[in-house]
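Two complexes come next, and they have one chain in common, subunit A, joined by subunit B in the first and subunit C in the second.
Moving on to the complex of A and B:
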């Protein structure tokens, strides 16, 4: 009986220890990762970059403002239901921010984080109109979003065609999901403005490895350009099919979620010349890597052993962590305390000012555009540049400077969408 | 006329795609035919086989990440590469080894259980193999090159252009897939009809108890069938892996095999091929004619609609065995 009680006590103690939230003074920043499932090849590098940046801050600086950052990881498999479960299970640990790395999950969490008063950060994904801080008090998507991406692609193509797209044809090949459908409205408006013909070609996520119908259509219609909004296996399959039907790679341009190494590797040399947008750099030629090497990699602390260091998606995870860390830092400054709450971190996100000088201080010179947010603007500058894949060097090379989006078209669309959301949900506009 | 030519191109490509679906469906049929088990893990077997093939080809150290985590040693590669043909043979041996393990660790303990129990066991197996594949070879996207040509066939394009004034697109990989599938089906049919082991396999499929009573080893047959299904999975993995790289999504091609099985029947090897062709052509033509009217992306669901329509009129599938139960 005694033995049984001891065992029971030990089991209870273990369970309590496992379920216990981080020490009250720690700042909890969960990592909604997906290292398994159909999108694992994309999710793992992102999660590693996110982890490694916070490991660097903890190891080098003792955290942020002396507060250690705890990064509990929750596996979502890029599945919306699992993502919501992750949110519910992590909520008890008092996270100061939520970053779900999935548009589907982000959409589901918008009402939840608003009710629970936890800021949600969705850089380059999620609900585009969340940029409107008057309506979406708890959501931030700086530095850019899907609609910005669509307009930057068109701006780039305008430059390629001497400022005139009149009479040109552009096909949008998109993941038939909340994410893939995001740019449609923007591109429709831009087609009216610039006179190009837009063809929308969906690819079902369930059969995105087999895109013969879509590429036979592209071969028949011969659009001048193909804009790719793909994710997961859809990207390598699209690039391979483009090579198969001999569609020129230089005439394809992907959103940033279609512009990583995992997207072009399978097609090998045939992917040479493929272009994609990017809102941050990649590779290890940034001063921050000296610190990462000294404080993280050489100590054997790299996430998962560091198989993805320097890749595009690793860099994106690192960028997300960097912006989050700066928001926490700003929150500490505004609140006058280091042990900030989620609500105070929201204030930090709303007062972000990551200038080029600050980026240089962080060892990230020319890594990404500066970010400045405000009560009204949760989306930042919206800037992105175009990079091109060099298959022989196995490297993405930036080929343009950072472009500004076409705000003349996008701003009214965002306002219309966010105000409709405010009306549906009885939200009073802020920032008056 | 132009529309007709486009439709013809769609039909030809649909047939080719159907062959690719059939390659996956064949593995399901083999195991179902011999043991009455619907092997949920067939798609994962294709992924596992393709990952293993690349690992062997590139001299990758299996479980490198685990070794590194436990011992601190970074051993990513043995430093050699293995020629494709030898790597395929070695992978086939790994699949035989896997079949022996599956029989010894899972199937042996479930003899005489209801088919649903065996089906549940294969679900568990699928998830286990998914994790094992990740752990052994990593989750990143890998390029598979075994020397198969890929891309537009210029011969077909030139020929059709001179005949019809429009050059058809046919992927050379699909042509190879068709040849390989034909050889595979002929070999499997010959094996099951004309060899002692093949006849034993059919006897087990007909009646386990009767087969046991005449001295056929059920365990041997199961190992043999799972080995052959593993080899078929390897072929499917090579074809699909060459097409779009090897990563987790490769296991999802099993979903494309389901309507093929519903249509062709779970017990017929030729049925898998014919079912694949009908599904391939049907979904492509529907997408070509109806897709634009309903916003596109119809293939995924239409394949199942087509299979269900066939089921209404022939529940056992086109070539499946008709089940007659007398009360």
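Moving on to the complex of A and C:
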């Protein structure tokens, strides 16, 4: 009982003492990455985009307002327990914002960041009702969220069917986790409103590559459309199975987490015509890439050597970093100091106003819709568009403009959910 | 020389059969307890509590539970993850339904509910054993996780299927929820771990434990000498599930604060607890703690060394971590197939004679 554990403790104590960082003078923006495990193919490009944008700011502008941005990376493997471990170890470095790229970890950390007073940024994922700033003071999920995504998918399908989905059947094939379950309530409401029949088909995260029975069900029931809420290896498996049962790719539509190159390339030409949503552009046809090339790639500073530059998920990581950087800039402006604290960055997130002109200044012309947040609204416009995979050109082509979600349906749902959370946790509503 | 029993005379049977018959061991144990209860709570940080000590203590409780079933009673179980889920969801339902009752009582009640569920899924053990029983308990694992995903009543109809612990306090100290201090978390888990280890130790050396071991060693012979296999196996399942249920309830309410059946209590959790028992040592209380320490602390330790001190890329470190932990498991099992507990026992035997081996 004693000697061994004493020795182990001594060793552990030394290790943590060695690992404990000195006080940082710079702004710390941790990167909760996952480059191992079944979600690595999606996690790595995202983490690279996130890193590279901050490297660009550090190299080109010397950081934000003269403050260097330090991006310590922590491997979560998309596992909530590891994510909590990462959060606790990074908390000692006084991060100004937490961005876990996982809905499970986000749920875990929402109470913790609220208690520790560190803002959390979850663009396009996390808890949808965190959009309600009256309840979730420390959480931001602009520009869009899962319920917006569900609503936009239905809006697109309405357009496709001349505004009438009556009697149609839509299957939701989802990752059986907090992420995949999020849109169910919205889709149920929408099915009541528009008269379509909704079938919910879960795929267990532990065995998300095995979808034979799910696709057998789809083949038997022949739904008019399949909405895919998948992540990691579940996506290529779903698209491959769809091709195997000859389900028409044009009738499938994925959430933005099921619409990257890694998801469709495995199925080859069979994936041609698959559609997915997106809330930002992809590819290297943006002026920012000239700067990235000059200051980051050519100097050999690209994260992991830059194997994913310009891909959809790389662009998403970059988008997340860009919004975070703008929030820090805003915080510096509001606080009148460059060395901002986490609480001041929260104020920055709440006063975000990234207009189209500002995006153009950043070298991201027409990259994504404008973002504007307020005390009540931490979720932004919620807009997204639909893109389609061209297997021969190996490119995602936008086929619609940015849609607004059906706020008539979503807003009451969000209010109900966030107010229930407020009641459960004795939170008094802000912004009065 | 330093570790010896010379002059340590026993004058009563009671003294002779105590848990730590050697004075040195006993004092070491008291010292460890004193440090754990009186020193660590004052110096513990959030990081040490949440990343190291709290998960270690919780998994030690789970390993104790599985060790009772597998190590002492010889019934293989792959359902630990599912039983932990029962504990977690039971404590959640109880805590939200009866907020005026202390969460500590809910944790114990959750253990009781898990014991009932465990007995239910233990019934096949009366007919089947070995690999067949493993498969039956595997079914429990999948069924329970499916159940907690499928029936919204268990997660109070929340949109995402997540359960989130409400804030609860005990004697004015907040012990669940985000505002919990590191020492409160640690002390709650330590209290349960010490209490349950004490219970386990005393159960296993009494009549109940002896019937378990008789069943483990040879069930037919045990039956002939008058051990009732029904009560022996069912008590083993009940006590084991109680421990695992308490571990699951603590994992959810004190450690994580939010959980989801398929992610937190999947089949991986069952394997993790089983590995702890096997590496620590089957049929040993100390082994449960050693196994939990090995599998909880080593990855954190390696991560801190490889990423924190050496500054290696996180993905490389994560891969190396798997390789090193895997290699060490194989190494330890080759060197000492009976686990870390046996290694410790052998070391102690040698230390008694040292430095005069003959």
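Operating definition for what follows: the second predicted complex is superposed on the first by the 408 of 432 C-alpha atoms of A that agree within 3 Å, B and C clash if a C-alpha of one lies under 4 Å from a C-alpha of the other, contacts with A are read in each partner's own complex, and residues count from 1 in each chain.
Basically, contacts are C-beta pairs under 8 Å (C-beta built on N, C-alpha and C of every residue); 3 or more make two chains touch, one makes a residue touch a chain.
For clarity, every value in this text was computed on a predicted model and none was experimentally measured.
Taken together in the superposed arrangement on subunit A, subunit B and subunit C clash. When the two complexes are overlaid on their common chain A, residue A:35 makes contact with subunit B and with subunit C alike.
Of the two partner chains placed around the shared chain by superposition, subunit C is the only one that A:75 touches, whereas subunit B remains out of contact.
Looking at the shared chain after the overlay, A:391 reaches neither subunit B nor subunit C. Contact with subunit B, but none with subunit C, is seen for A:300 once the two complexes are overlaid on the shared chain. When both complexes are overlaid on chain A, the residue A:237 reaches subunit B alone and has no touch with subunit C. In the superposed pair of complexes, A:427 makes contact with neither subunit B nor subunit C. A count of residues in subunit A touched by subunit B and by subunit C gives the higher number to C.
By the touch criterion defined above, A:201 reaches subunit B but does not reach subunit C.
Contact with both subunit B and subunit C is seen for A:176 once the two complexes are overlaid on the shared chain. Once chain A of one complex is fitted onto chain A of the other, the partner contacts of A:104 are limited to subunit C, with no touch recorded for subunit B. Taking chain A as the common frame, subunit C overlaps subunit B at a single listed stretch, which among 81-89, 99-107, 135-143 or 279-287 is 135-143. Overlaid on A, the two complexes show subunit B and subunit C touching the same residues of subunit A, namely 35-36, 40, 44, 176, 202, 204, 206, 304. Across the complex, subunit C meets subunit A through its residues 25, 28-29, 31-32, 46-48, 50-52, 55, 149, 159-162, 164, 166-167, 177-179, 256-258, 260, 262-264, 266-268, 286, 289-290, 293, 297, 300-301, 303-305, 307-309, 313-315, 317-319, 340, 344. Within the complex formed with subunit B, the subunit A residues making contact are 35-41, 44, 176, 200-204, 206-210, 212-213, 216, 219-220, 232-233, 236-237, 240, 243-246, 262, 265-268, 270, 300, 304-305, 307-308.
Contact residues of subunit B toward subunit A in the complex are 6, 9-10, 13, 17, 20, 65, 68-69, 72, 74, 130-131, 134, 138-145, 150-152, 169, 171, 240, 243-250, 252-253, 255-256, 284, 287-288, 291, 295-297, 299-301.
In the complex of the two chains, the subunit A residues touching subunit C come out as 1-2, 4-5, 8, 11-12, 15-16, 18-19, 33, 35-36, 40, 44, 73-75, 77, 80-81, 84-85, 88-89, 91-92, 103-104, 107-108, 111-112, 114-116, 127-129, 176-179, 181-182, 184-185, 202, 204-206, 304, 417, 424-426.
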